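Here is the structure we will look at.
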Amino acid sequence: MSGWLGPAEWQALALSLKVSFWATVLSLPPGVLVAYALARGRFRGRELLNGLVHLPLILPPVVTGYLLLMTFGRRGPVGGWLEDTFGLVLAFRWTGAVLAASIMAFPLMVRAIRLAIEAVDPKLEQAAATLGASRIQVFATVTLPLIAPGLIAGAVLGFAKAIGEFGATITFVSNIPGQTQTLPSAIYTFLQVPGAEAPALRLVAISVVVALAALAASEVLARRAAKRVAGE
Amino acid sequence: MSGWLGPAEWQALALSLKVSFWATVLSLPPGVLVAYALARGRFRGRELLNGLVHLPLILPPVVTGYLLLMTFGRRGPVGGWLEDTFGLVLAFRWTGAVLAASIMAFPLMVRAIRLAIEAVDPKLEQAAATLGASRIQVFATVTLPLIAPGLIAGAVLGFAKAIGEFGATITFVSNIPGQTQTLPSAIYTFLQVPGAEAPALRLVAISVVVALAALAASEVLARRAAKRVAGE
Amino acid sequence: APFGVFAAASMKTALDEAAARFAAGTGETPPLLSFAGSSALARQIMQGAPAALFVSANTAWMDTLEAEGLIAPGTRADIATGDLVLIAAPGYAGELTIGPGFDLAGALGGERLAMALVDAVPAGIYGRAALQSLGVWDSVADRIAQADNVRAALRLVALGEAPLGIVYATDALAEPRVRVLGRFPPDSHPPICYPAAVLAEFDTPPARAFLAFLTGPEGREILNRHGFGSPDRTE
Amino acid sequence: MSLTVDITHRQGGLNLQIGFEAPGGITALFGRSGSGKTTVVNAVAGLLTPRGGRIELHGQTLFDADAGIDLPPHRRRLGYVFQDARLFPHMSVRRNLTYGARFAPPGNGPSLDEVCALLGIGALLDRRPGALSGGEKQRVAIGRALLSRPRILLMDEPLAALDAARKAEILPYLERLRDSTGIPILYVSHSVPEVARLATTVVVLEDGHVARTGPAERVLSDPATVRQIGLRDAGAVLPATVALHHEDGLTELAFSGGRLFLPAIDSAPGTPTRVRILARDVILSRPEPREQSALNVLACEVTELRGGEGPGMMVGLRCGDDRLLARVTRRSATALALAPGERVYALVKSVSVARMDVGTG
Amino acid sequence: MSLTVDITHRQGGLNLQIGFEAPGGITALFGRSGSGKTTVVNAVAGLLTPRGGRIELHGQTLFDADAGIDLPPHRRRLGYVFQDARLFPHMSVRRNLTYGARFAPPGNGPSLDEVCALLGIGALLDRRPGALSGGEKQRVAIGRALLSRPRILLMDEPLAALDAARKAEILPYLERLRDSTGIPILYVSHSVPEVARLATTVVVLEDGHVARTGPAERVLSDPATVRQIGLRDAGAVLPATVALHHEDGLTELAFSGGRLFLPAIDSAPGTPTRVRILARDVILSRPEPREQSALNVLACEVTELRGGEGPGMMVGLRCGDDRLLARVTRRSATALALAPGERVYALVKSVSVARMDVGTG
């Protein structure tokens, strides 16, 4: 296997896994929050929030990457502020790749979680409230465990999307080996070389295997969680 | 407005709408079928089908486009057969753009519809069966109307995705003004040239407006359908 | 730490080899090569990307960077030139001589001519200029399949989806499935050159050394072997 | 016109082995929660495939494990009224009602108008199921099953979810159904009053097997059935005929053992009817009682005495050709020296024969 | 220790205007379906905000429309047992039970062990709610509410979904609850036997307003309440004391009007108890009846005669210091020449005083 992949490719695989993992983990909490707001909230600007969340789905990834670059780049308004205030640089770092992947996966995640929240019986939440749990405690002890299958589905969907994300990532954080060169960027680079389809397809196969394994695992996990939630 | 957009951009907008519309319409029936099989079927290869459906989500769009080109191109096995048998050419035609957009939107659509089907109470389907409806009739008269909100959500999600699709489309059917130059291709073109950010962002604004309008319409439609389905 | 090189994707094979040779010869750690479209790279550099050296396929973007004052004064140099060729798909039997008013439309036989985006990507821009100066543009303008980069155009021809295409000579050289029908006269299009420059923010001696290596005899040899021409003069 | 069930199945911890015959009229499946009633009905409907055995309807085999026959539900042509109505929420009442007809072969079942009149749902046709009361929903479900031109009706506790007032509203419809259409009905209930009122045949299930089966009068009036029925609900079912309507609001019924007075019922003189007399509502007296408020004093002969674990005894009585049940304490039985063959008077308050317990037929 | 409710609300077509006081013990909210019972309970729980009025618990204002006070549910500290249990499916029984305790202020409520013993659910602690029977679920729900150390228990038809056997299993637990913990209970039911057995105070709702309210004995034994209760369930509730357990399985109770025999009950001699005697189970006799099976013959004085539309009359009786109700036909009333002040004997079969109708307290 190590003979089959060159070190650069191993690096790309490892980076892709790292980026996708963090993108998934970091966007779960805000994803849950936004999904909850969209599912249960009755506030002004709900439609706007919904639209905003969906933007990365609607826009060509290159555009999303461009907007990210303009905003979070080192000379961008937010990017400069982040660097000056926290010393946090996103541009051209793997952290930026995480941001790009998160943004791209976010609408998918929110969709899945929102559907799960909408399926939770509010009567159970009411029951928890009468037992003394505040709104946040209700959420933590009842809503959240009950949407576990939806969370898993959403997270894995997000992970799969993050594994495949290319356009926004290469536009925002470039294609720096070991830093921002994820599997898709590596695949793209190979596709730029005539006759290099074979290594490109090898990388494609790897990302397919990784994502399918995640999908299959999620089906199992989600089924188990669903059983748990059904009280059996 | 017509002064604001050049004729080429109008053309791209019209084409994007046409392509996304047909991609949505044409992938709905197979989307429903696959979603039903995944939600209710207990067959071998279910996991495989699930993985296959998700592939376009996982793969970089360029790769999807490349695989489409290899398969549905005029020299590809399926493409050649389609041309010989039906005289149907996809390569370099807007029909090919429809195929690419469909494929890319398919996993999102299937996900949404599958969740809707899983939420249908099988007891209602059983009731219909005891009243004499065959499995297909049950599906048409009970399941399908009940998943209408999910269908709408899935269709609009697919539409939004189709509006933004770029990588697979340009790789598969190139960029032929009036034939395959959709909004994202036009945007990409502008982004390649120094100083052309303004027209690019204008087109971005248009696609955002279109997709958000579709999203908002879908929320209204889905809410209305949900009410209908709730029997009120 | 190794210095970063941002380079147009079409230079990948040549620069990979050059970087390895440079490292082996000097004992430096090899530079970190990032390949993408010239426009994306240029924009990233404008946003402070950590690149010490930029190799563009596109003079316009290098001009933009220069105007912004981002390149180290006096380091801009054309490291290679290119030729534009007309290629044919495998199995394409016809022959064609490129010249003023040549029958490109007839040679296409109603099919598509593969090019890079003619308004956006350098190879496409050069190609259109060549066809216009030869007076055949109008006859084929609506027969062009524009790919998002020159390699994709090359692929269309290699797969036989388009019988003919216009790409750089370098691309044709690397793709055994296509056949070169002819070379566009150099004066039929603006000179194709690949400008490189050290970037002011990350200017380091190794980066300057690598640029010098590329413009030096060893670099030229490698670039020539990959089908690039040598610029007559360096700035 | 009959249904024959003879199946074995395993479900959860329960081993089902069920065989019975449902002739015309209403056959009640009766038994405690978990005894297998719904399982049997689902097997008949084809919603569940039993391990083994046969199910036959009007001579057609619906299911035969050995022969590998298992007709899918939609080809069995039966009308299933589920406990929870299961109306289609996306259709109007009218479309719910007519749903089954389009799949049924042409035939002369009841028309929409007839069914609406029968069930009193004509005014609801354009409403959505969500806007119906519980009782209305259940009636629409019955109508929907009926209009599919079924060969048998399956009703699984159709009234269990309803309160007493709603039940009283629907029972007369079921009686009319039984009497006006010839369709046999398999009726699941654990309410003895309901079963006593409606059933022609009773099948008592216990732990997955048939504990008793037979004509309703016989099964319900048998002291041996008390265990399944429960003490509170034990009682006799008597066939009787409406004799006379009195001016003071009482109706006089004739039965083999004499006359019974009860609050006015709606049937014309001569109508055969059925009354239920709960064992716990009967007082036995040696001398003929006088100057007391119970209008019904019946001369009986003791046929049987059955003691249980408690302080009570079940006394079987013959009254004319019919049987009565009385529940008395051991102490009273001893004090009155009750024994088979002894003659006693049974006091039954006319008002303790409740309307619920009267059925026509 | 009391709950005061005085609210107005509009829901659907219903105008609610409800005012009542619930002292300690069990206060039953009784009324037909749709009369507003659940609405009231939800208002008390804070799950619904009434249009106007006040709700006060133990002197604390939970809700006051004018003052703009509306405590959120989780700060009201009440235990709500819903009709449908609503156990948390993702938690074990143990975690369901202890759920409320972590939010409650420290205090000396019952311990987990005590509640498990009280409700008989100790063996279920590690199960999931999905693996419980209906009765077990409901008991866990009661325990969960209790362990949250509530200041009041709200129970909305906690037994409605259960069949008779399950009900009989749970009622004793509720009685023990009422007697052993000092927590007041607001109990919704449309089952008269349940209310009669459990309630100290009864609030009868009708179409969104309070039709009657008062101590259970008075409200249920009042001939005027018959309309809300229904004829079949009308009857008197008598306080009595366990006097003696006889060897033949009968228990003798003493009450102001004499002695009552009924099947053995579980309480020690001296225990105060309550029996219900249904009006339809009482036979009136002028001469003292002899040699008959009813063990309870009570000497009474007629206090009241009420006729309705039907052929029956409700007869109010005084028996010692307590009141009895008897339902007789007009014909019998005439034949016996019943009138206020007349003395009669009431025959009550001991076995017709059902166990269900006996409560301690």
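Labels for the chains are A, B, C, D and E, by order of writing; each one numbers its residues from 1.
The rule we apply is simple: contacts are C-beta pairs under 8 Å (C-beta built on N, C-alpha and C of every residue); 3 or more make two chains touch, one makes a residue touch a chain.
None of the values given here were measured: they were computed from a predicted structure.
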item	value
Minimum number of chain-to-chain touching steps separating chain C from chain D	2
Fewest touching-chain hops separating chain A from chain C	1
Pair of chains joined by the greatest number of C-beta pairs in contact	D-E
Furthest chain, CA centroid comparison against chain D	C
Length of the line joining the C-alpha centres of chain B and chain D, rounded to whole Å	56
Chain centre separation (chain C, chain E; CA means) in Å	90
Whole-Å gap between the CA centroids of chain B and chain E	60
Multi-partner residues of chain B (at least 2 other chains)	66, 188, 191
Chain C, residues touching no fewer than two other chains	155
Set of all touching chain pairs, with the criterion as stated earlier	A-B, A-C, A-E, B-C, B-D, D-E
List of chain A residues in touch with chain E within their complex	123-124, 126-135, 137-138, 141-142, 145-146, 148, 228-232
Parts of chain A lying in touch with chain C, wherever the complex brings them together	66, 69-70, 73-76, 79, 91-92, 170-171, 174-181, 188-189, 191-195
Of chain D, residues touching chain B in the complex	45-47, 72-80, 82, 84, 86-90, 99-100, 103-104, 128-131, 144-145, 148, 154
Partner chain B, residues of chain C touching it in the complex	37, 39, 42, 60-61, 63-64, 112, 114, 117, 119-121, 144-148, 152, 155-156, 159-161
In the complex, chain C residues that touch chain A	4, 6, 9-10, 12-13, 32-36, 40-41, 43-44, 46-50, 149, 151, 154-155, 158, 171, 174-176
